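Labels for the chains are A, B, C and D, by order of writing; each one numbers its residues from 1.
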Amino acid sequence: MGRRLFKELERSYGFDEVAIVPGQVTINPELTSTKMTIGDQEFDIPIMASAMDGAVSPGFASYMHEMGGLGVLNAEGLYSRYDDPYSVLEEIISYPLEGVTEFLQKVYSEPIREDLIGQRVREIKNSGATCAVSFTPQNTKRMSPVAVEAGADIVVVQSTVTTARHMSNSYRGLVFSELIDALKVPVVVGNCVTYEVATELMESGIDGILVGVGPGAACTTREVVGVGVPQVTATLQCAAAREDYFKRTGRYVTVITDGGFRTGGDVCKAIVSGADAVMLGTPFAQAEEAPGRGFNWGMANPHPELPRGTRISVGTKGTLKQILYGPTSKTDGTQNFVGALKVAMGMCGAYTIRDLHKAEMVVAPAIKTEGKFFQLSR
Amino acid sequence: MGRRLFKELERSYGFDEVAIVPGQVTINPELTSTKMTIGDQEFDIPIMASAMDGAVSPGFASYMHEMGGLGVLNAEGLYSRYDDPYSVLEEIISYPLEGVTEFLQKVYSEPIREDLIGQRVREIKNSGATCAVSFTPQNTKRMSPVAVEAGADIVVVQSTVTTARHMSNSYRGLVFSELIDALKVPVVVGNCVTYEVATELMESGIDGILVGVGPGAACTTREVVGVGVPQVTATLQCAAAREDYFKRTGRYVTVITDGGFRTGGDVCKAIVSGADAVMLGTPFAQAEEAPGRGFNWGMANPHPELPRGTRISVGTKGTLKQILYGPTSKTDGTQNFVGALKVAMGMCGAYTIRDLHKAEMVVAPAIKTEGKFFQLSR
Amino acid sequence: MGRRLFKELERSYGFDEVAIVPGQVTINPELTSTKMTIGDQEFDIPIMASAMDGAVSPGFASYMHEMGGLGVLNAEGLYSRYDDPYSVLEEIISYPLEGVTEFLQKVYSEPIREDLIGQRVREIKNSGATCAVSFTPQNTKRMSPVAVEAGADIVVVQSTVTTARHMSNSYRGLVFSELIDALKVPVVVGNCVTYEVATELMESGIDGILVGVGPGAACTTREVVGVGVPQVTATLQCAAAREDYFKRTGRYVTVITDGGFRTGGDVCKAIVSGADAVMLGTPFAQAEEAPGRGFNWGMANPHPELPRGTRISVGTKGTLKQILYGPTSKTDGTQNFVGALKVAMGMCGAYTIRDLHKAEMVVAPAIKTEGKFFQLSR
Amino acid sequence: MGRRLFKELERSYGFDEVAIVPGQVTINPELTSTKMTIGDQEFDIPIMASAMDGAVSPGFASYMHEMGGLGVLNAEGLYSRYDDPYSVLEEIISYPLEGVTEFLQKVYSEPIREDLIGQRVREIKNSGATCAVSFTPQNTKRMSPVAVEAGADIVVVQSTVTTARHMSNSYRGLVFSELIDALKVPVVVGNCVTYEVATELMESGIDGILVGVGPGAACTTREVVGVGVPQVTATLQCAAAREDYFKRTGRYVTVITDGGFRTGGDVCKAIVSGADAVMLGTPFAQAEEAPGRGFNWGMANPHPELPRGTRISVGTKGTLKQILYGPTSKTDGTQNFVGALKVAMGMCGAYTIRDLHKAEMVVAPAIKTEGKFFQLSR
């Protein structure tokens, strides 16, 4: 061995493999601020809910706003395909596990209706909430103006992998700079995982990038097609791109780590990795207010020929308020994400999210291998 | 420590430890081509079925041809030992697990009949399919001309480990250059795992090499004798040998990663590692059309004194067409291998298999350690 | 990949990942001395019991003294909140698992009474034992003089993470140099995990530091907020700080690794990592004499909004004497910690704890991966 | 992080983490020779049975000789403490698991009788077998002459860790050079794991060293006291010492890897790591001829105060002949160790054990992580 390899492989890391190192100064958590911005929009907490039909309905987007965060509505989901999406949700939830993938494939073959996109945006705006809607690249140019006209504040363009240059015979490539000129609202694009793609996307003028390919709980892309980069390494790369782009241009683009989160600790690690915000699906699908009522499924799931993921039972863990702010009696980190973030900021002496970017992190063995012996007998 | 070691050990990698990095440009999967060649033979997909009796019968080889791939018939298996191999298959399948290894040892002690080799080749050719047959090195010189005379298009010479120089008292070493001169059809040789052996084999004039020692599901060589190299590292080495040999000679030898595949993601990773094609056993033994009807066993299994592997129950997962092309409702990557490959090519901006060779790959934690927490409650 | 990352990550190690290398000279265990000092206090064994209410009561502190070690009383726990803490312990122990975290949150909302602190100190001193009491930083300045006046020999200031500079609006930062001047007894401060923080704390004049954030069995800080450093790496850093500080000043500060221990082997590894002493919670909660009677819970557990850990059932494993000195018939390393330490010292040719600091250690695969196959059938 | 650590830690490896790379030339297994020597004694196979009472009785030592190997009798075990050790074995085997450690402690407190040592040696010699007996360092000087006088051919001096310099108040240190002069038979000493200790021991004039601290199946030293080095790294170090010593002196000392073996693959890996021979306990305790009749326990187990290991049920797997030579229908590598070794030698093109020393080895993921998915459904 040792002679010649076709290519070199570098090590990458996920949340379970790292730990944050406490700082040299500590501060009381109540002194910390968790504010975050996307373009001209400011939010009290750097936490977003994913555009998954089981997690974010128009109503849930309003609840997220009340809590200080942002819920993104999937503009190509059930809410834009059915006058009464709630009865379809009911059917999905009660469908037997055996056969549910086929049923999802069928339900999502109903066409998207532009009138319904407008209607859902207005429902969110009428509640007083900031409205963010997500589209796939192939539908963005045609459908996103409808949403913005109805009042949408942020447009998210999202597919499994997004680059500034996509080749297709079936639709003319989306040019992000043209989109930004046309829409005049902040545009967030994703998902990407490398320094180069993040840089190219930022150079197109967008306001935020979504980071993450393959890591989500309701997604099996990495198993099915082998493609993906663990979230810590993906975020470390895209954050490096943001820093370099900021030094070069003075424009600060929001880096949002999307998917793969299980605990508040994971949220803290994403931010120490350089994220400005995080986007979670399953933890919000576990809220009592979530439309999926304890079930969740990904956007790639209903793919007619190569489904990646299926309907998963995630259970209901508490109210949205408890999940975000506690108080909680759960001790496994799956509730009080904001409390956990503020405690971590305190431990690292970080007054702001960007201060927390300066904390150190180490590669550490997965938590199960150390000192947890006795809990087995719990 | 740190002073002196008898030898240095380098790290090697298997499929579960790597992930493909998406490219800087993406393309729609329908723009990709998966064509592959072995010598003068061209195939629509770079996927072969292993010469295992539970996977490839003459009939299954024809099905593989219809699907655009290649099924290799084991010319030393049941089909060449029994007039009616199907009743023997039936006995193997219904034999109690307790004692099946002894039964396999007994069944495979029946002699190989050259007349049956010819007959099986003709069965495949009469169906209109490309015919590939495999021999062990000790029988190749004597038996392979029979197969070629009967119409075989490709000869595969395969043992657990194959080198260009094998020392034996019981038969004169096989000289591959002589074999190639004699047969005048493409010759594929394996298995090997290192740059040096791959280079020596290529220099003998062969058209393809099989890569992989120890990794298969129905094989326990690595446990029993400790020998083996994980498939990603083995492929990286052999592909480096192919590139160097190509630069030196202008002749491109097909590198085929053989064994250890579980999902479409694994197939994609083998190709990113430099493989031109892959050869799978168990996934095809899981086809409805497979002769093993949900069971599989390896070529090293019936070894009379040191069996490595046994009959394993692999189940029946779908039709061959579903396994290769979908549509599927399986979400774990064990169906629609071609669809998965085309999606991965799209994500990496690869129009061809050789474009996919240029994709990046990282060492990543096994997928179970990241973000899969919630699926436990499925 | 390979271009730019937002920050670099170093590898860190926990107990399960290392093994001690035997020395070039060996000595009989009976020739070894395990003495340890904190300030002017000397102890026969370098083993302390954690300030956890399920592990250390005033009575248990006396038992620890008899055994040659030191039990630290939590001066902010049940013993300082209730006239009759034993009936409260009884309630905690018998409370159903469902709801126990809420119950702990309620029980610990009772105010701390300074008169009870004095009373508990006197109970310990009256038994003839060395008395160590622990406070959180916010209460230390006000409450620790009460304890010292009542006779406490050592004051421990302990929170999840402690630094020399803590920012707070709710209380004036604790200045350790002032505290030391005021109390005139040895002060131990923690927890910390890095070279820099350990150095700053030592420079404030303290006599001992506690090492460890996140590793304890009854603590889920690392899951909940993502912060923590595995104990071997944390100890290696703090011990390096102690050595450098000692070279610079001639003053030797006791480094105490706190938490995450499961076996005697872990204790030995902490000392080879540079610890002068170890502090254990759960192993002592497993003593027959422990007030928790087979249950344990951490100091961060009853946090009203973000509990980290809960009541765990640790069982009762033997008398304190057996746990520390054997004889034992347990073969898993959870008893006879002192015996194990003396055997390890013998294997490494170490007459003293500081000799054992010179032993070598290697990164080794977790013990389950080697040679334990047959024990499964035990 | 990254500044200062108290000491550096190097990575070490066990059998499960490595794989042997096939060679550039292969040979037929029947062309290989597995001969091994210790001093003036030659053996057909490089395989020894450990001095464990459940594995080697005088009768079993004779069987090992018939098979071409060497069984070492524990001269301080039951056979030297009881006139009728077989009824004591019976009691141990039938003792309830609960309490068996105490029972072992009691049984082994019976004194060693020198007359019985002589009697057991004569039993072995009378059968025509080569006789090897093992002593602990403290008893060697007094008892080993008795054994040699009775006809013992090889003396093994063995404790958990052995160095050339051992400090003790209870007996005068054993000087190996004096022992060798006195006994005039080959002396094997162990166990050791580092280059330095192996070198010092070789310089004392001994004929063989035993390599391994902590790895055995019936031993829990590494858990209990934290000391141990995985077998691949330990062997790589001691073999480097042998090579250097050989270059310097022209004397070749036999390196014997002792313990931690599970499969034939492990045996092959030890030899590729540089071992000249291997010593196994549990696999021989699994022979039908073994005195332990399916049970085994280590020499450190009956320690009166700190037992490390206990009686484990290892089961009976076949005759000694099957375990060493097959034929077998087991496919997991636990039978036909010699067959596996010869196959590995063939794959690596090694005619002799010392040729196999030249094979390459890689660090590879544990075998469970690759391609074994389908066997779950077996």
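The rule is simple: a residue touches a chain if its C-beta (ideal position, glycine included) is under 8 Å from a C-beta of that chain, and two chains touch if they have at least 3 such contacts.
Quick caveat, the model's predicted, so the values are computed rather than measured.
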item	value
Fitted rotation between chain B and its twin chain D in degrees, CA, nearest 5	90
Most distant chain from chain D by Cα centroid	A
Interface sides of chain A and chain B: same vs different residues, half threshold	different
Distance from the mean Cα position of chain C to that of chain A, given in whole angstrom	39
Centre distance in Å when chain A and chain D are each reduced to the mean of their C-alpha atoms	55
Chain C, residues touching no fewer than two other chains	1, 10, 12-13, 15, 21, 194, 196, 233, 360, 362
Footprint of chain D on chain B - complex, ascending	1-7, 9-17, 97, 99, 101-102, 105, 160-163, 165-170, 192-194, 196-197, 200, 213-218, 220, 222-231, 233, 259-262, 282, 296, 301, 304-310, 312-315, 366
Parts of chain C lying in touch with chain D, wherever the complex brings them together	8, 10, 12-13, 15, 18-28, 30-31, 194-196, 232-233, 235-237, 239-241, 243-244, 263-269, 272-274, 326-333, 336, 339-341, 343-344, 347-349, 357, 360-365, 367, 369-375, 377-378
